[in-house]
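I'd like to ask you about the structure that follows.
First chain written, first letter: the chains are A, B, C, D and E, and each begins at residue 1.
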């Protein structure tokens, strides 16, 4: 078990947003977390990354407790996140954003290899290497955010809504990329609104509702689950 | 006569031509979609219409008036309302007050009237609140009237932006990726709202990457790439347009039965 | 014409000091978006500490003039940096998440505190640096007699500016500083220790302010506990003029402000020179709303 | 019970050094009086309030003092600060003896309870012009710092100089509190004066002298009484200060009167040094005057005391020479002396 | 409502306070009142519209000087000059703010600081020969109300706090109107405000003008109260004080701003009276036979030090301000009933 989240409670001020989350991720898996808006998916990821501190519960990564670590230490454990809403460094260039992704990396040759790989993945980034990230279009920024997270050569990558705002062709590309990233040995936790695509890609999935995990199963089983179909896969379209 | 006409619009950012001679007409009463790859210049086109950017060349004609050079708030009061790609609500204010911002341009009483609390001011205020409540009901936020807007869920914040725009009583509503961040169920609800907006006689111009929404909601589509218009037509035509598939939709290698509307 | 060039050098010398203080201002501002109104008082503290160290250690005989200045500068910068770090810890860190202006008011409170603390410790009277630390060499440049020290002040500012610019733009830590300036949360996700970065900033900014205080003490001789306010305001003006948060901008703004003041005094009116400087500032901002070198990223909507 | 005397002075703010000196001196004198059994058999109590050198705070300080049963108040420094408090004391019939407020108009309002132990600007203006003329300067530059005091003096001198066979080649104001005045000196030098009259304060005077020397300009400088402060030489350096003239009421160091000597000895013993400025010493004169009045009249009725100060107190031996008031409450007698700084940095009284 | 009851109680307490306070403390309350008025007027600009304005003393100066000049040269009674002073300040605000209104955040801040400095320098240099230079203007009349001359602190108390009552009443209405909301919209996000049809430039200007008008009127009261005004009373530091009051009190909140004025202006005065406090403690203990000789008297030199520290501490513990604004309330139930 690579990542183990036990009984996680998180509060914003006095309001509790997570009421005891249990989930685990095995090495090499793609695990997706589904849930309506405001269910607490992003909160979960932020807490795993150490930006939020749990009021109760534990997070273990590769046998180490990381819930007590400051966020920047967690990154050194090779657990990185591409956050919701991109959060690229708007007045830095694309290049500088990518460099920051490798902030804790020690092996420069490896970094350069990764950079080339990322430019293959997203040629648009290479084209816009010295443009300020803030002037990129929404989609371009999303690519940059994912690319930046990959620069760290993570063992586990947390992706929070990576397809948000992307053109269909890119959404496909992103999902393919995620698969590719996973094949290259990176474990992935994927939070997605695009439930169907996410479940197709993932090995397992969790369903969250208002701060709790309500369902956990293999991805195929979830795809077939009628209540999941109704709630997240959209009944309306023909 | 068309409600909105874009005539050869050009917009440059430094050396980059973000919008390159784009022209199209939006007919009154339509739901009109603008699609294209990321960075194609869609949002920029919207910003040119709403007055946030000034075109380097070309004209925006709305309802017979040239909009070029007018301040955004003037354009709103002429009947063009918008939502933003990245949500821009008044964070610390309640949902109701966010919608009241939209009512603002249809009200007249100023600071002196407020201090004196004239009967007209009181009446106007009450009417505005009624209108705001009605718009909140319309998008389904009647439960959250007094909730601070930044504690609404993401999807609800998008709906609130729509309510705020509707409160300006627009003829043309411009939506920039309204379904962004919504799941499929929420998207379905949005499609319904768009249909009801159209039923109110409001023309809708939208950008969206969610093809299920675009295909269901739009009557007509324009596709741009690298700032240039590459296609225009009915959804079915666009769906099969080779250029569009290549640039935007991607080849459908999905073997699933529901096929093309997956993304 | 001689008057003009004389005034130009006068202006550049004053501007060099403004620039040095402005660098510290801009540094802190750039990262925390905090107008550190206590920065001027850190400058005062630098001036007083320099005097204390000078008289307490009696280094003059052992190290020779420039050695003394160097040793003093290092010690003063170190000590003021410590004060700066404590200031950040106590008065600013608890306010990091709140509205920007709350921190401004905290800074103003800290400024009042520092100013009065200096008064209570050192007394309200003017204090005076010994006159004979540095040799009074005058260098003739194009027929003008320019004191060596003025050139040194200017040079120091330029060197510090260049070093800082290089540090911020080209080094890894510098990029981290800029990242923290934009989005602290995202910076953490990159593995950046945000507190450490802010500490570095509060090490550099106040140290530069302290160095400027020492220089003013050494060159002008006379220091008092209220001096930081006026210099702080000038430096803030300079930082804005150049585009706040921008390092070459602080340098340019400082020098320009000094020159505007000198020329305004010479050709218009001495009594109105500060007003003239502000009028020029306002005119420049009307034309360039983010200062001379400020980034003008059109906000994307 | 005690006899309460107020002291209003700037303990904080830009003029804090003056105020703190005033406090030391008045407290010293009060202690001496008390050691000798006080006044009318009662101990004297000094009640000090900070006016921060700011009119609004001064008005509050005055209100506060007025509620504390004082019969007289010493202070304060700065004419506009004093002015903000004048009416309050007058309405409460409290005697006020200002020490560093030289603006002419303060005593032109017909206030019965207002006195000052310092001379007025017109007095000094006259002396300044006379000095300039006897020294034979024809082209004069006048520089002030735009404070009420310095500007008042500069204007006074300017008006008087116009009547003399002299030319004013330069008249401007600098901004106090800055450090670099070379731009101003450069401009002044271009007007080629025979002498410069600087009416501002010693911190700026010190810097001007020093920067003047550094630019190699050798012109006589004459200062007003606000430059009379030993720190001037420290700031300017002995070499630059040498030859600087200034006008001032005499400081105790320069008088051989028994009072001055005794005061100086006591001050040095208690505070280890000499008083920083003549203005603070003048507050001591204010205190001595009111003490003398109480002693002589045997009363603490302010009406009687005021009358005594106006009419009967004549040539009291003060810390700065003989002291009497005229009917306006102004100190009478020509108090001003001319000093010159010598090569050792000491202030030498000129004959 | 309970809250209203508290306010009424506090207001009544304040109204009768001159009866049992001496002239000094009444005058402290006057000072508090004047700064509270100034801060309330700044609150419109800074608190509601969110414009970083640190030069409010300039408008205050315009009002005070307008009053002083017109009163001393034309003998116009000072209270008549109150609206004139207000309009004059408003006019100046309009002219000055127009070209700089588009500046953002800190750039606006420095420009307003520059403005207040320019005004002060102009006053010192006796611009147009009417400001009296560094001396300022003296001999300003006391105000008359119905033939009654106002001069004593407690008389000014009712003038100042009476004006305060009017101000609070009007500003409260203003806040809870279309106008007040519009200011808040542009504070929160001016791009979104424009996109919702709000003329942001217009509202920013009006906020400036309205704030200036009020500051100008307070200037009249100040001139009449001091009877002498000088440039140093309107320096940058005065603007800073007003700024601190607004932020410390809670920007956008009337009650917060008033409380802020009590603290920022009152605390240094309370620290001034520390000797009274120590005397009180000593006598209390003496009562129980314990001899103490506490003396906080030497506090006067340190009072500003403590004040500075207090500012930092208060800000840290209440970083939204002491009494942040409450959300507006609307009579929704009533309005819903009327809806179909």
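Worth a mention:
Everything that follows uses one rule, which is that a contact is a pair of C-beta atoms (placed from the backbone, for glycine too) under 8 Å apart; a residue touches a chain by one contact, two chains touch by 3 or more.
No experiment lies behind these values; they were computed from the predicted model shown.
Here the chain-to-chain distance from chain A to chain E, counted in touching steps, is 2. Counting steps between touching chains, the shortest path from chain A to chain B takes 1. Using the mean of the Cα atoms as each chain's centre, the chain most removed from chain A is D.
Mean C-alpha position of chain B lies 48 Å from that of chain C. Between the CA-based centres of chain A and chain D the separation comes to 74 Å, rounded to the whole angstrom. The geometric centre of chain A is 43 Å away from that of chain C, both derived from CA atoms.
Chain E has its Cα centroid 32 Å from the Cα centroid of chain C. Within chain C, contacts with two or more other chains are made by residues 116, 119, 269, 271, 274, 300-301. Residue positions of chain B touching 2 or more other chains, listed in rising order: 13, 43, 52, 84-85, 88. Chain D has residues 12, 16, 20, 146, 173 in contact with two or more other chains.
Across the interface of their complex, chain A is touched by residues 172, 175-176, 178-179, 182-183, 185-194, 295, 297, 300 of chain C. Across the complex, chain E is touched by residues 11-12, 16, 20, 48-50, 52, 54-56, 59-61, 63-64, 66-67, 79-80, 83-84, 87, 91, 103, 105, 146-148, 151-152, 173 of chain D. Listed in rising order, the residues of chain A touching chain B in the complex are 34, 36-38, 85, 124, 135-140, 142-143, 161, 164-173, 193-197, 230-237. Residues of chain C that touch chain D in their complex: 3, 6-7, 10-11, 13-14, 17, 116, 119, 123-126, 128, 131, 136, 138, 145, 147, 216, 219-222, 224-227, 230, 261-262, 265-266, 269-271, 273-274.
Residues 12-14, 16-17, 19-20, 146, 172-175, 177-180, 182-184, 186-187, 190, 202-203, 206-207, 210, 214-216, 231, 234-235, 237, 276 of chain D touch chain C in their complex.
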